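Chain naming follows the written order as A, B, C and D, and within any one chain the residues start at number 1.
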Amino acid sequence: MGTIELKNVTKSFGPVAVIKGVSLTAEEGEFVVFVGPSGCGKSTLLRLIAGLEETSGGSIHIDGKDVTELDPNHRGLSMVFQSYALYPHMTVYGNIAFALKTAGVAKLEIDRKVRAAAETLKLTPYLDRKPKDLSGGQRQRVAIGRAIVRQPKGFLFDEPLSNLDAALRTQTRIEIANLHKELGATMVYVTHDQIEAMTLADKIVVLNDGEVMQIGSPKELYYAPKNTFVAQFIGSPKMNLLPRASYGGGAMHYQDGVKIDIGHMDGTPSIVGVRPEDISLCPLGEAELSASVTHNEFHGADNNVFVSVPGIGSLNVRANGKLDLQNGQPVGLVLDKSQLHYFDENGVRT
Amino acid sequence: MKNKYKDLPRWIVFAIAAFVMNFPVISTLSTALKTNAEISRDPGLWVHAPTLNNFAVVLQVTERLNIFSYLHNSLVASLIGSILPILVCFPMAYAVARRGYGTDVIFPTVVNLRAMPLIIFAIPLYMMYQTVGLLDTRLGLGLILAVVNLPLALLLLINAINDVPYELDEAARMDGARIFTILVKVVFPICLPTLATVFIFSFITAWNEFLFGLMLTTSEAVPMTVGASFFFSSGGGGGQWGVAAAVIIVASLPPVVLGVLMYKHISRSMTAGAVKG
Amino acid sequence: MRKSNKYLATAAAALLAVLPSLASAEVTVLGWPGGPEEVALRAAAKLYNSNADVSEDNKVKLIFFSRDGFYDKLQADLAAGTDAFDANLLATYSIGRYAPYLKPVTLSDNAAEVFGDAVLKTMQFEGQQFGVPTDLSLHFLYYRTDLIQELLEDASQHDKYGDISEEYLGVRLSPKDPDNWSWQDFAANALYFTKSVNSDSPTRYGTVLQLKNLLFNMMVFHSLPRAYGADWMDADGNITVDSEAFREALGLFKILVDAGATPKDSFSYEYAEANAAFGAGQVAAMMQWNAAAADLMDAKKTPVTATVTATIAPPTGPEGRFTHVHGLGLGVNASGKNVAGAEAFVQWMSTSEAATTYALNGGAPGLSAEVVAGIASERPDLVPLGQFASNYGFVMTGGTSAKALSVYELQAKEFTGFLSGGQSLDEALAKTATGMAELLK
Amino acid sequence: MSPKTENRILATPIVLFLLVMLGFPAVLDILYSFSEVSFENLRSPTLNGGKNFIKVVNDPEFWAASWFSLKFGVATALSECILGLVLAVYLAPIIRKNNWMIAVLIMPMIIAPAMMGLMYRLVLHEFVGSLPHYLYLWLGDSPAFLSRENVFLTVFTIETLQWTPFAFLLIYMAYEAIPSEMREAASVDGTRPWRMFWFIEVPQMAPTLAVAFFIRFIDGFRVFDNIFVLTGAGAGGSTTSLSIYIYLSFFRSGDIGKALAASVILFCVAFVILFFAGRLLRRDRA
């Protein structure tokens, strides 16, 4: 139990269309992550699923049942909010118990469930505290506790880690992943952080400007981005997109007579994409392209090198951290041809 | 050395401002502590032979001018006039803050009341009260005091609810709470500090109100401000200035005590209410 | 209008669950609050209730409004047909206003012997008796015996006195005993005892005039124009306020105001302020209500001047010696719940037994010489009260009409406007005449 | 329950309360203002068209009272805001460290204006008041505070002294709310204190100053309590504010129709002013 299905869902605020027809399915037990730049509509989409916003069109189904017109609490979902939204005037116990009390569950039953949830989340010692007396991570766990106590069909997370510091974020990420394994419940998770998306998701939904750019597993998205948007959004440092060029004779032709051989293609690619790790530095003599270093960031294991290629422009190259590079130093580049991404003039993968 | 006395001119200005603005209070207090003989011989601020006799007279009067009845009336009417606005404004404030409802008519109407000389309603209210038997009752006085306090209460409550994260409402909705549960169990308790401020401010305003007290009460529900003026106009007589002064002091004491204890709340609420209004 | 009013009333009443208290079987009497009148009435009511022949249903219960706005509220209540009280306070100047809502009363057989006709008249309107008189209000001249005595004895000052009176009043006057004063003497004396006129004056001011824009202050003023023959209207109903008499009187006041013979802030003065000025020992003589005597001649309340203060009837003028007089009394509310009971009480109040009880408990009834003689030892002040009322008392023609209070109000505004320099005498009198014609038509 | 229904239910208490408390009075106001009505025929007035309005408009006292209210409102609001600004800015450095000073300075405005009026009646009294006493003692003379010539200045001063604390408090709060970075940035740039005040701090506080002025103007315009207990209508009506004018017309003169006509005029004028003030404010924000 716990499939969530969206069929051509749209949402407008007045004349502004925020969600422009989204269809997707979260299978039972699946961990689905909505990712995209801020303002892309991912939070709105989550709130539409939760029932906190009314849809303008399309329908939402949970376990095959149309819930589009149902109140939030009748959809059988729980939500963890970005700010946790803990009730400041209630104790941890009260926060976790609130939903059960509202539903009129018997007192003993409430107590049992609250304590069980607290035990799972290691919150038992804090049950009598008010939220303001808890640390950020503890508050986060209370918010999750409040969500799991209702034993929902699915969990909705709205950027739940964005208020935590970096160290805690990694740790909590792992906890959420474990929780997912433990509960086996469907989870829909919104984030703007692609690393969170990659590490947590079974399935990632990339959104931009109210539209789905691509749905797929992290690997699919990384290795086969459907368009230049996904290509650049997933991966860090982001993929190099070479300037538009004409394709002919198995090669891309750039300015100043610079060309890159790519062999025979079915379509007519216009844009070539290459990830920084798929470019390697080499002696000038063996080089496919010659370039000069404009800037170098030392990351420890890696060097993040910015080079300028005549006829093409600036490229980002991941190089071994042990290399010692000077600005202005001429270098040769070799591209891993098997890892190139080709897009047509509309930015769609060919 | 120089730094030490840098603020001295400021302290002097403060002392002068505080003295001048509070002069009537100081002077009245001094008069209240004097005997009749001293008032007519030396009306200066210094009290040569302090006496509490005037206060004794004020507090002891029973049949003619009953200060306890005035205080009681003021207390009850002010309580009605400060609690009722909170009760009627709270749901409206929620609708305005969360749903933008009523911003076209109801909200501006209520807020504009702040700017209306309410005396224009006094006359028909008098007739209405007379018809329904609210004239000269504490309830009747309290009800109109509540009207006086509506604008500020609504403004402050809207501010307060705006400060409550909307996510809390949503969380509660996810938890299955309906609107009234959210209002009563979630938003109301979180707004309690503001409600306290609204209450204090409204109470002081209600206590200090004079016009409606004068027009809508006659004997049973006369509030303290109006009652105090009776000591001037009738009980006053030739040598009763000390008593009159004592009455003024007694009448002003409750709001002043409340105000001095709660000045931080007051300044905060005033700013919010005024600037947003 | 009426119908919707009623519906709304019902709805609102039901909504607020505040129903007027239910009828109780007793006589509710509304008295004049906060003064000796209240104490006296309480004593009288107690005696009445203890009478064996007063049934339980007719026992008297007293209620009191506040004084401020008393008449305005009483008016509104009566107009609304209130049954909150069965008998209520009346004053001479407001009888006309309330008469439509009152039931004329029959007094006890010997009422005329107890009060005398002049006093009974203060409770009559258009020939009918509307109430029993309880208290009498009129004006005394209060003066400082020590200062006047000194002046009379110190012949060296008499020239100066004459100079001052000649300069300011155009007549050369010499000091006289206050009982023989004309209003000119009053003014001369006021000027003489004013520092700004006579730097040797022991007091700062010669008199204190109550000039706040307030109707009661006009009553205090009226004894002066009346002494010059002033009246509001003549027998034909023509307004006669724009007369020599009013001009003389206002002119005299204006001289005193301009010369600084009255405290600077007199335009905000009423009863209490004037008493305070006099009590501070800075005033030589003033006109004031008889009620102030109790305070001003009590050494405890007025320590500085009580022992050297004397009272007497107001000064005299070309037309004689006059004091404004009005009575307070009790009438019967025609819409009351227990009209018969109220009538019985009012009738009892006009008996000699009731009147003396009332007098002995601090009231100030105007009593006939025979009755007052019996209590003269306890209340010596009531003797001149009755005398003054019958010898000098007057009521302006129209002074009991429905709009009498509004007339006083109008005069207060216009006259203070003139005296304070806001308008000319002609303007003030013309406006008053127009306004009065409108009110008294 | 649909959100629309919910909204209506949420609005019901205040709407009902307003309808009961002010709706009927407002209707009655309008009806009676067109009627021949006095205490005698309170329950059965007869329509008389616009006669009451003509009477009011032709009544020089109405205009005198309007002028008084306007003058009083503008003058007191202006002086209160200036004094409040001076006090707030000059005293801010020591108040910051001594919060209790606020309590002392705002005391006057916690006292009922009616009580304040009574206090001044006492304080200004030539024979029992302390102020004239000291003036006589030190200067040998004391002015006639409430004479026709001086009374406006006196009530103006009284109002100013009582309500400067209000302006002071608002302005002080606004002054303290100016981000300290802004001042620091300006002083690093070498801005002198006076320039800082006029070109940085005053513009920052401008909205608060406007609000303080507006509120004080409104309260000054509708003044009643303190003047009423101190001088009443004033000699020849010299301190008759519009509120006092209406009160006296109704209760003292019994001219109910006139009083209500004046009320209705006042209501309309207030409404128009508020309407434009509201629009101005909204445009300001946008």
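The rule is simple: contacts are C-beta pairs under 8 Å (C-beta built on N, C-alpha and C of every residue); 3 or more make two chains touch, one makes a residue touch a chain.
Quantities reported herein were computed from a predicted structural model and do not represent experimental measurements.
J.: Trace the shortest sequence of touching chains from chain A to chain C and report its length in steps.
T.: The fewest steps needed to get from chain A to chain C is 2.
J.: Whose Cα centre is nearest the centre of all Cα atoms in view?
T.: Chain nearest the centroid of all protein C-alpha atoms: B.
J.: What's the chain with its C-alpha centre farthest out from chain A?
T.: C
J.: Based on C-beta pairs in contact, work out which chain pair has the most and send it over.
T.: B-D
J.: Calculate how many whole Å lie between the centre of chain C and the centre of chain D, each centre taken as the average of the chain's C-alpha atoms.
T.: 36
J.: Cα centroid separation between chain A and chain D, in whole Å?
T.: 58
J.: Whole-Å distance, chain A centre to chain B centre, using C-alpha means?
T.: Taking the mean C-alpha position of each chain, the two centres sit 56 Å apart.
J.: Please compute the C-alpha centroid of chain B, do the same for chain D, then give the distance between them in whole Å.
T.: Taking the average C-alpha coordinate of chain B and of chain D, the gap between them is 16 Å.
J.: By residue number and range, which residues of chain C touch two or more other chains?
T.: Counting only residues that touch two or more other chains, chain C contributes 5, 8, 12, 69, 76, 80, 276, 279-280.
J.: Could you say which residues in chain D touch two or more other chains, in rising order?
T.: 24, 42, 121, 125, 127-128, 251
J.: Where in chain B do residues touch two or more other chains at once?
T.: In chain B, residues 40, 127-128, 143, 215, 226, 229, 232, 241, 244 touch at least two other chains, as defined above.
J.: If two chains touch, include that pair; go through all of them.
T.: A-B, B-C, B-D, C-D
J.: Would you tell me which residues of chain D are touching chain C in their complex?
T.: By the definition above, chain D touches chain C via 20, 24, 31, 39-40, 42-45, 121, 124-128, 142-149, 151, 230-238, 248, 251-254.
J.: Chain B touches which residues of chain C in the complex?
T.: It is residues 5, 8-9, 12-13, 16, 18-20, 33-35, 38-39, 42, 63-69, 73, 76-77, 80, 82, 270-272, 275-276, 278-281, 292, 294-296, 298, 300-304 of chain C that touch chain B.
J.: Given the complex with chain D, which residues does chain B contribute to the contact?
T.: The contact residues of chain B facing chain D are 7, 10-11, 13-14, 17-18, 20-25, 27-28, 30-31, 39-40, 42-45, 84, 87-89, 91-92, 94-95, 99, 101-102, 106, 108-110, 112-125, 127-128, 143-144, 146-147, 150, 154, 178-179, 204, 207-211, 215, 225-226, 228-229, 232, 241, 244-245, 248, 251-252, 255-256, 258-260, 263-264, 266-268, 270-271, 274-275, 277.
J.: Quick one: in the complex, what on chain B touches chain A?
T.: Chain B reaches chain A through residues 165, 167-168, 170-177, 181, 185-186, 189-190, 192.
J.: Across the complex, what residues on chain C touch chain D?
T.: Where chain C meets chain D, its residues are 1-2, 5, 8, 12, 15, 69, 72, 75-76, 79-80, 100, 211-215, 263-265, 267-268, 273, 276-277, 279-280, 282, 402-403, 405-406, 409-410, 413-414, 416-423.
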